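In structure tokens below, several structures.
Note that subunit A is present in both complexes that follow, paired respectively with subunit B and with subunit C.
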Partner chain A sequence: MKTIPMPSFGADMAEGTLIEWQVKPGDRLSRGQVVAVIETNKGAIELDLFEEGIVDACLLGLGQTARVGTPILRLRDPAEAASATPQDASVPVSPQTAPAGEALPAHAEAAAPAPGAPLRHAGFLPASPAARAWATTLGLPLASIHGSGPDGAILLRDIEASQAEARAKSAERLVTAPASGGGLDMAAMRAAISATVSRAKKEIPHYYLSLDVCLGAVQDQLTAGNAQRAVEDRLLLAAPLLCAIARTLSRHPELNGSWRDDQYQGCQEVNLANAISLRGGGLLMPVIPQAQQLDAPGMMAWLNRLVDKARHGNLRHSELNGATCTVSNLGERGADRLLAVIYPPQVAILGLGRPRQAPWVLNGQLTVAPVITISLSADHRVSDGHQGALFLHELDKLLQQPEVLWTPLTPSP
Partner chain B sequence: MDTTDALTLIQTELYRIAPELMGGELPLNEDLRDAADLDSMDFLRLVAAVSKQSQCIIPEADYPKILTLQDFASYLAQPR
Partner chain C sequence: MSEAKTELTYREAIKAALREALQQDPRVFLMGEDVGHYGGCYAVSKGLLEEFGPERILDTPLSESGFVGAGIGAALGGMRPIVEVMTVNFSLLALDQIVNNAATLRHMSGGQVSVPLVIRMACGAGRQLAAQHSHSFEGWYAHIPGIKVLCPATVTDARYMLGQALADPDPVILFEHVMLYNRQESVADGPAAPMTQALVRRPGLTLSLFTWGGNLPKALAAAERLAEEGIEVEVVDLRCLRPLDKPSLLASLAKTHKALIVDEAWKQGGMSAEIAAFVAEEGFWLLDAPLARVCSAEVPIPYPAHLEQAALPSVERILAAARSLVANR
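Then we have the complex of A and B:
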């Protein structure tokens, strides 16, 4: 027997609300299977598991909220029991038809879902059970709501959105307050952020280095490339920047890896987390796996994909985990320099300031050029300022010959 | 397309990206990126969506001409 706890999808997540079970007692898990959909301050996120086992019991009822770390699912070893009878997926299963001996806890029983099954019925509107229940409470016909979930399924937040739209319509000309961040406790979210950054600042002896980098060459390459591309295929500056960072990190395992139990494990493979702040609050750090192999268009495709997933609430747990280093990007407006706090167990984080036009000396001549300040916060237990400075120097050199960033790297043998 | 149609089109696409702005009033002459808190990805998506709906190809070099709602609408409305 083992239990699966409410996972953390980021430093600012304190609790999650269960909106859908996609497994039921008796189901045998396959690797990477999505078992539940959890609503957080970042929207709905799918929990995928890479565990072997048979579902013994779902410990959290639909619509219930649990703190990170609270057990939500109990699994038993496949060898322990062979009593699992797979259900016919086309028949909705009521809790009463669950095999005897597969008892659910009382609070989960009343709302036990038939995962996946209802979607296949003609004329049946796919909706998560929690959304369905809430719509009934509010007296909203499901047909009036646009579903943003898988297969157009209606989720809790779609009802929220439809409510917000209705409010906006009836109050045209009135300035309404922006919708809150998913209805979750903002104080709890602050507390979760606080716990992570406090731990980082207490345990990790940070050192900080910054370098102003001229982006003239990258910008030229980008502009020339984008002129050939349709509007929706254009690249953002972030794409070549993240490529260059990932490639340089792969040669600096002292900045790319994880510190666990007083041991450091450096990596050559770069799983790069890209911090995205969400509209309405919350921070999401989806991971771009093997980022060192991507070229700029490939990186842009990843960024587009992650933004879409973040917006439509189908990011998976595994897509928010396993980062070896993080980049935090302030975007086009705001501050010139960002000295970020390292996200444990990682040992470095890059901060990208606002790209700006600035005086620049080129071949002894004063000119105006696009400039960005790239900052490195790194863990002094693992690396020294000298190594950090070498990293920034190599990154700068790579950004001065950006053609190579438009060519994918083949994995080294 | 006249300026009013263009404005409606831009606002419709903007609300798709930032639904929380619906029902509020957006200033016509303020940089949209500030007024609507659009990051570069949001802005690129707005331009792509408007470009698709209006069949108007907007080169990157013209971005400075479409930074406010008013300018964006006038840009789409101009004869070409």
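Then we have the complex of A and C:
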């Protein structure tokens, strides 16, 4: 028996609201199956699980909100399935899942909790009766409120504080985002972005390096490759750029990994997040897993898919999680240089400026060439400017031999 | 001392109420142990024998069951008796008459007879009268349907509740806390409210303090000090324990969401437990903190002054309970 908690779709997510269960008790899960749709400040996201098991109980009702980490689904082993349904005392027994005759002894057994164990249902949030009543009146999910009372109990004062916060946010929303979100709570997303970047700037000692890179060779390769492709299959510049970045990152674990609990864990494989700005404002950062193995056309396919899903709010849990590094790309209409803020717990982010025609010295001759400024923001706790500069130069070198980017790599053993 | 005209002691207020009742209604008479020649154990009826004569101020034998029973009979016969039981612990000898007769006869006769009897009794601790003379049994009497239980806590209530009790067609028991007799306060021109209605003695928004009778002065003193700390206590004087003015309690709770009950009786099975149960049943969704009670220690009330004071609810204990209720950590 195990429980699945409300997942985090990113460091900036505190809670999620259940929109839909796509499974019911008794269903056998297959790997990667979507089990639920969860509304977050990034829109509706499908929760896909890579667990095996049989759904024992759905612990969150439709429309209910739970904090990240709160159990929302209970699974049992397929092996357990044949035997009755042992219930743990932490969850209400529903008559559909447990024959009364068998539930009773199991309950009696579970009724004696470990000494000192809190007598509390798994999904139970401690709150005073008055706080519960008031939250219900306001239509406020308890899980969205921080409790300041004994054992974190939610008291009236906490609801008042949460209301005051909500009022402040809605005032901000009026100022910053006049009715443009189209389904997304833009104020909430703004608040989430604000919390994340504030944390990043407070905790991470950033350093910044920029390098102008000539895109002539890449452009030539793109043009040649695209000439043989149907219009809808043509590659954009972002594909070889991300491909080159991923491959270079795989040789720089000091820029690719995660910093948790004062410990850094570098990675060989590159799960590259790609910041996508939404039309209504706000950002999503879907992840391209094992990006170092992709060639440029493979990268393009991923980009198309993720951008489409992000803009339609169809991203899955696994598509937003586990990034080891991020690329932020302002595109054609951006500025020349982008110095981005690192997304915790990552330790580096690449900012791609606007590709532009610029004076360029080639073989001692002044010419005009397509140029892009690639900027690295990195965590000084993990790497130094020298390593960052090495990375940028390696990246530059790779972009000058772009044909290799059209060749898939085989995964190294 | 021109102001002295409007100020009375609690004792004087009850005597004034007795005189008024005796003067206004020839059916009213007072009887009990030592109420006549001695002037009452707490000197409440001093001088009344001389004023109203031995037919209306009756000294009785030391037999609570007998003279309470006689009072019930007189009430059935059309009189308006006021029976004084010297202290609440002696009233236990008259429990059979009070519980089995006074409280039941209207119901058992199908409404044919009523018992318009008023019983006054002294109650409470604080005068070093030891374990057999310091009881707070008003909560026990409040358990019994068929009687009304009044606890005048102010001089104004002492002055007017007796008249209200006499006007009631059913048995009413008045509990006079022994520590209140010497309190002197100004008296209003008439009753503050119907006798069964609870009154807010001090408004506040932080927490509701429910009490009655002898604990009201302690509660108000505590509220005064808590206000200096920013804790605004709403002191609600229940005044009548049966019927209980539930709407007033809920109204206060709806303002404060926290309840502290101060009862001089013991916790277990007491009036404070009843109020707590009522609040949990009917005021649950108003609560923002666990209920709190300040009651007497679970011992027979001790004789030595320091032990007696340690056993009783005190201003200090009320302060501590209120502070911890508000801190809520």
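The criterion applied here is as follows: the second predicted complex is superposed on the first by the 240 of 413 C-alpha atoms of A that agree within 3 Å, B and C clash if a C-alpha of one lies under 4 Å from a C-alpha of the other, contacts with A are read in each partner's own complex, and residues count from 1 in each chain.
Everything that follows uses one rule, which is that a contact is a pair of C-beta atoms (placed from the backbone, for glycine too) under 8 Å apart; a residue touches a chain by one contact, two chains touch by 3 or more.
Owing to the predicted nature of the structure, the values given are computational and were not obtained by experimental measurement.
In the superposition on chain A, A:Ala131 makes contact with subunit C only, while subunit B stays out of contact range. Look at A:Asn226: by the touch rule set out above, it reaches subunit B but stays clear of subunit C. With both structures placed on the common chain, the touch criterion links A:Arg333 to subunit B but leaves subunit C unconnected. Between subunit B and subunit C, the partner in contact with more residues of subunit A is B. Once chain A of one complex is fitted onto chain A of the other, the partner contacts of A:His252 are absent, as it touches neither subunit B nor subunit C.
Using the contact criterion defined above for the overlaid structures, shared-chain residue A:Leu155 touches subunit C, although it does not reach subunit B.
In the superposition on chain A, no contact is made by A:His317 with either subunit B or subunit C. In the superposition on chain A, no contact is made by A:Lys309 with either subunit B or subunit C. Listed in rising order, the residues of subunit A touching subunit B in the complex are 161, 164-165, 167-169, 171-176, 178-179, 223, 226-227, 231-232, 234, 236-238, 279-280, 303-304, 307, 331-333.
Residues 257, 284-289, 328-329 of subunit C are the ones touching subunit A in the complex. Taken together, the subunit B residues at the contact with subunit A in this complex read 18-25, 33-34, 37, 39-41, 44, 47-48, 51-52, 57-61. Listed in rising order, the residues of subunit A touching subunit C in the complex are 128-133, 149-150, 155-156.
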